[in-house]
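Got some structures for you, see below.
There are two complexes below, and they share chain A, which is joined by chain B in the first and by chain C in the second.
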Partner chain A sequence: MKNLREQAAERAFLLSALASCAITAGILVFMVLMGLPLLREGGFLALLLNSWEPYRGAFGVLPMVAGTLAISLLSLLVAFPLSLGCSFLTSGIAPKPLRGPLRRIIELMTGIPTVIYGFVGIFLLVPLIREFFRHGSGMCVLTAALVLGVMISPTMTLFFCDAFDRIPSSYLKAADALGAGRAQKLIHVMLPTAKKGILNGVILALGRAVGDTLIALMLAGNSARVPESVMDPARTLTAHIALVIAADYESPEFRSIFTCGVVLYLSTMVMTFLVRYLARRGEGNI
Partner chain B sequence: MKKVSLLQTALAVSVLVLACSPAFCGSLDTFKGEKGVLKISGGTAHIPVMKDAAQQVMAANPGIQITIAGGGSGVGIKQVGEGLVDIGNTGRKPTGDEIARYNLKLFQWAVDGVAPVVNPKNKVKKLTKTQLMDIFAGKIDNWKALGGTDRKINLYTRDEASGTREVFWEKGLDKGAISPSAHVVVSNGAMKTAVAQDPYGIGYVSVGHIDRTVAPVALDGVVPTIETVRKGTYKIARGLFSNTKGEPAGLKKKFLDFLYTPDGMKIIEKHGFIPVR
Partner chain C sequence: MKRGILEKLTVWFSWAAGLTLLSAVSVLLGYLLLKGHEALNPALIFGETPPLRALLLRERVFDGLFPAVAGTLVLITLSIAWAIPVGISTGIYLAEYAGGRVKRALDAFFDVLAGIPSIVVGLFGFASAVFLHRHFSERIGPCLLISSIALSFLVLPYIIRTTQAALEGIPRDIRLTALALGATRLQNIFLVLLPKSLSGIMSGIVLAIGRCAEDTAVIMLTGAVASAGLPRSLLSQYEALPFHIYYISSQYSDPAELTRGYGASILLLFLCAALFSAAYGIRKGLTHFTLYRP
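After this line comes the complex of A and B, so read on.
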C-alpha cells in the first residue's frame, strides 16, 4: 500500500511529464496553424521548393534549406576528424595524468557562447578567407562551416571519449598482446566497438549545427540564394527566422518563417528518432 | 602606485561630469521630480541620438531609467503598437495602415540621408544612379567595370524590417531589384562594420553614421553630406520618426519634447542629422 505522499509525488511527476509533452506537441500545432494562410495558398511543398523574392511575392524557403544543409554538413566534415583525433588523444594516447586536464578543457569549450566564436570568426577568419581565395567577401559557407565545425567539435569529442572509455580493457589488452600499433588499435578495435557512441555524437553535433543561429548570421553573409559553391554566401533557416521576425506580423514574410520553424522542428525530430533507433539497434554493442 | 593614480583620475573625472552636466542642460529642468522607466526600440539610425539624449536625461535625473534597443523600423512599430515599449523609432514614415491599426502618433525630429558607402580604400567614389542600380541588381559585378580593381563587387543590404533599406530601395534604386546574392546585415552599425572590413564591398547607411571608416559615394556628382541633404541636392533623404501609441504623456512626452529643445537639437546635429525646427 503506497502512502499518500508517495501517491501525490507520483501524480506531480506525471503531470509535469504530461505538461512537457503537451508543450512539445503544442509548439508544432501552433507553428502549423500560424503558417496555415500561406500554406493554403501555395502548399507546403511549393513553399519548400520556391525561392525567396519577397518583392515578387515568392516566399519559398528552399535557399535557406540548402544553406542550412550545406553549412551544417560541411561543418560536420570539419568537426569529425578534429573530434576523432582529440578523443583518441584524450582517451588513448595521452599519458594518464594529462587526460583529466585535457578533458576538463574540452568540457570548458562546450560552454563558450557561440557569439564569441562569431566574433573571432568575423575579425580573424573572414579577412583571411577573402584574401586567400581572392573571391567574394569572405563571408561564405566555408567560413561559417569552419567556425561551426570548431564550435560543435567539443560536444562530439566528449561523446567519442565516453564511447572509447566504455571499451572493455580486455579488448585493448588483447590488441596489445597481438602486437597491434596505436593506429591499428584505433582502426580495428576502438572504432568498430565504439561505433554506436560515435554515431550518437555525430548526430547530436549535427543537431547543434543545424540549430545554431548566431554563427551563420554573423559569418555566412545571409544571401537568400542557393549557394553554388562553398565560397558563396548563404542563409540558414535559423538566421532567416532571426532576420524576418522583425517584419510586420501580418505580412507573408512573417508567415513564411513558420514554414522554416516547421522544417527545423521536423528535422530535429527525425534526428532524435534516428538516434533512438540506432541506439536500440546497436543495443548489443557499446 | 600607478593604479591608485588612475583610479583617482577616474573618480575626479566622474565627479566633474556629474557636477557639470546639470549646469549646462537648461532644457532638462522639466524632468525634475520625474521617476520611472522609459523603453525605446526600433530604428537603428536613431540609436546614437537616443543614447546621448538618454544619458543626459539620466545623468541629471537619477530616478529616470531609459533603455534603448535596435531591431529596425519594423520592430519599432510592432513593439510600440503592442505596448512592449513606450517609444518606437522608425527611419521611414509609418504607413497609413500602421498608423490606423496602432493609433500611432508620429514625431519627426530630424531629416537624414541614406548614402551608398564603400571602403575608404576603394578608388571608385563616384557613380551615376544607373550604375548604382545596375550594381545592386547584380548587372555590374566587378569593380574593374567602374574603374576599380579587378575584384568581384560584394553587395551588402539590410533586413526586411529596415527603414533605411526601404528608403534606399525606393529613392536610390527606384524600386529596382536587389540581387539575392547580396549579403544581409541587421543594423546601420553592422553595415558600417561590414563595409569598413571589406575593401570590395558596397552598402548603404544613414548619412549621420558616415565617419572615416567608410567612404560615401557621390551619386550623379552629388556627395551625400549633411549639407547636400539640407539643401535638397542629395535626393535620397527621409525623416527620422519617434512614434508613440496614442497621445504621449508624462515622461514619454517630456523625452520627445527634449529632442526639440536647443539642447536636443545640438545632440541631433552632433550625430550628423538635420534637426526639424
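After this line comes the complex of A and C, so read on.
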C-alpha cells in the first residue's frame, strides 16, 4: 500500500516535470506550425532578410531584426560600464558599511516594472531628447537604448557581484597579505578571476534586453525601417509582435509575427546554451 | 607611478557609475512622485463611487482604478494557483528524484523556458486562444483564463528553481535523519525537507507574484483591455494595472487622465517594491542566478 503511494507520488512529480518541458517545447512547435504557410512560400531566410512592405506583399522582418540589434547592443553599451562600476563599488571600492545598503538598493531596483520605465521615459526623456538634438519626435533608438540600459543595469550588476563573490577567499587574502590596496585587488586579482562570470552576466543581460517589449514599444518610435542612425526611430521584433497582433487572423501580416516569435525564441535559446556552456567549462577553475 | 593613476581612475570610475545609476533611478522615482502625488487619494481608486459600495460590488466604478486593481489581483491569484502545484512538484522531482543525464536535460529545458521573452509567451497564448475559438467554442477568446495560464508559464521557472535550490541546500545530516529512522522517501520529503525549505520556496512564490503584477507584454496580447469593468468570469476580458498605465501613456485625452496614469504607476511601483523586498527578506541566501534568469 505504502509502496503504491510512493510510486504514485514519484509518477506525479515526473509528470509535472514532463509537463513543464512540454510547455517549453510546445511554444516553439506552435510558433513554427503557425508560421508555416508563410515559411513555405518564401523560406525562412528570405523572410528574415526581406523588408517590411505589407502593401507590396513583402513581409520580411529584417528592419525589426536590425532594430532589435541596434537597441539591445546600444543598451548594453550603456549598461556595461554602469554595472561594472556599481559592482566594483559593492564588492570593494565603497567603504564596508555602505556596501550592504548599496546592494539592497540595487536589488530593489530590479523590481521596478518595465512599463514604469517606459511611462516616465515618454514624458521625461523623449521631450529632452527632442529639444536637445532637434531631430524628429524624440522617439528613437537612442532614447529606448538609454532607458533599456538603465533598466538592465541593476540585474547585470548583481550578476557581476555574484561573480566576484565566488572568488575563493584565499585569493583575496593572498592579495591582502602582499599589501594590495582595494583598487589593486580589484584590478589585478578579482577582475581577471571573474572574467567568465562577467561574460555570463553580459549574455544574460543581453537576453533581457532582446526580450523586453514595453520600453522599445513605448520609446523607439516603431517605424518599420532599418534605422540609419541612433536618432532614427526603429521597431524591435518584440514591439512588432505587439503592434501587428490586431490584424486579421489569416493574413500574411499575422503569419509573419510568428517568424518574429521563432527568431526571438531561438536567439534567446542560443544565449541560454552559451551561458550553460560557459558555466560548465568554468566549473573546474571557478 | 602609472599604476597609481590606473587605481585612482578605477575608484573614480566606480563612484561615477554608481552615482549615475542611482541618480537615474532617483530622477525616475522623483519625477513620478512629483507628478503623481496629488492623485494619491481614495478617488484614484474609487473615483466618484463611495469606496464601501464599490468594494461590496454594489456600484460600478467608472473613473477610478478599482477595476484595474481588482483585475490584477484576480490575475495574480489565478496564475500563481496554476504555477504553484506544477512548479513545486517539478522542483521536487529535479532535486530529489532526477539524476545524472535526466537532470541535465531537464535543467536545459527550464533554462530555455526562463529565457523565453514574455511577448513570445503572450503570442503563444493569443494564438492558442484564437485556435480554441475556431475549433472548439465560439465563447473562447483572449480572456482572463488564457492570460493567467500564459502568465503561469512565464513564472514557472522561478518557482521550479527556488524550490530546487532550497531543497538542494538542505544539509546532508538533516536529509538522512528521518530516512535512518525508517521514514519513506515521500514522508521524508513532505515531513522534513519541504517544511525545512519553505522559506526558500516562499521567496520564489513572492517573486513570481511580483513578476505577474508587473508583466504587461503577456496580458496585452491575451485579453487585457482598456475598459471592461470588474472581471466577471474566467472567459471575460479584464482590466489590469500595468496595461492601464501603458494605455494611458499612448491614449490619454486630458490632464486628469494623465495624472491618474502617474497615480497608477506609483501604486504599481509600491506593490512591486513591497513584493521584491519581501522576497529578498524571506531568503537572502539564494543567489541571483536562481532568481534572475531573464
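Simple rule for what comes next: the second predicted complex is superposed on the first by the 271 of 286 C-alpha atoms of A that agree within 3 Å, B and C clash if a C-alpha of one lies under 4 Å from a C-alpha of the other, contacts with A are read in each partner's own complex, and residues count from 1 in each chain.
The rule is short, and it goes like this: a residue touches a chain if its C-beta (ideal position, glycine included) is under 8 Å from a C-beta of that chain, and two chains touch if they have at least 3 such contacts.
These numbers come from a predicted model, not from an experiment.
When the two complexes are overlaid on their common chain A, residue A:52 makes contact with chain B while staying clear of chain C. More chain A residues lie in contact with C than with the other chain of the pair chain B and chain C.
Judged by the touch definition given at the top, the superposed model places A:153 against chain C, while chain B stays out of reach. In the superposition on chain A, A:213 makes contact with chain C only, while chain B stays out of contact range. The intersection of chain A residues touching chain B with those touching chain C, taken from the two complexes, comprises 122-123, 249. Remark: chain A residues 51-55, 63, 122-123, 126-127, 130, 134-139, 217, 221-225, 232-233, 235, 243-244, 246-249, 253 touch chain B in the complex. Interface of chain C with chain A (complex): residues 3, 6-8, 10-11, 13-18, 20-22, 24-25, 27-28, 31-32, 35, 85-87, 89-90, 92-94, 96-98, 106, 108-124, 126-128, 130, 153, 156, 160, 184-186, 210, 213-214, 216-217, 220-221, 242, 245-246, 249-250, 261, 265, 268-269, 272-273, 275-277, 280, 287-289, 292-294. Of all residues in chain A, only 2, 5-6, 9-10, 12-14, 16-17, 19-21, 23-25, 27, 30-31, 34, 81-86, 88-89, 93-94, 102, 104-120, 122-124, 150, 153-155, 157-159, 162, 181-184, 186-187, 204-205, 207-208, 210-214, 218, 238, 241-242, 245, 249, 257-258, 261, 264-265, 268-269, 271-273, 275-276 touch chain C in the complex they form. Interface residues of chain B, counted against chain A in their complex, comprise 71-72, 74-75, 77-78, 98, 151-152, 154, 159-161, 177, 180-186, 194, 197-198, 200-201.
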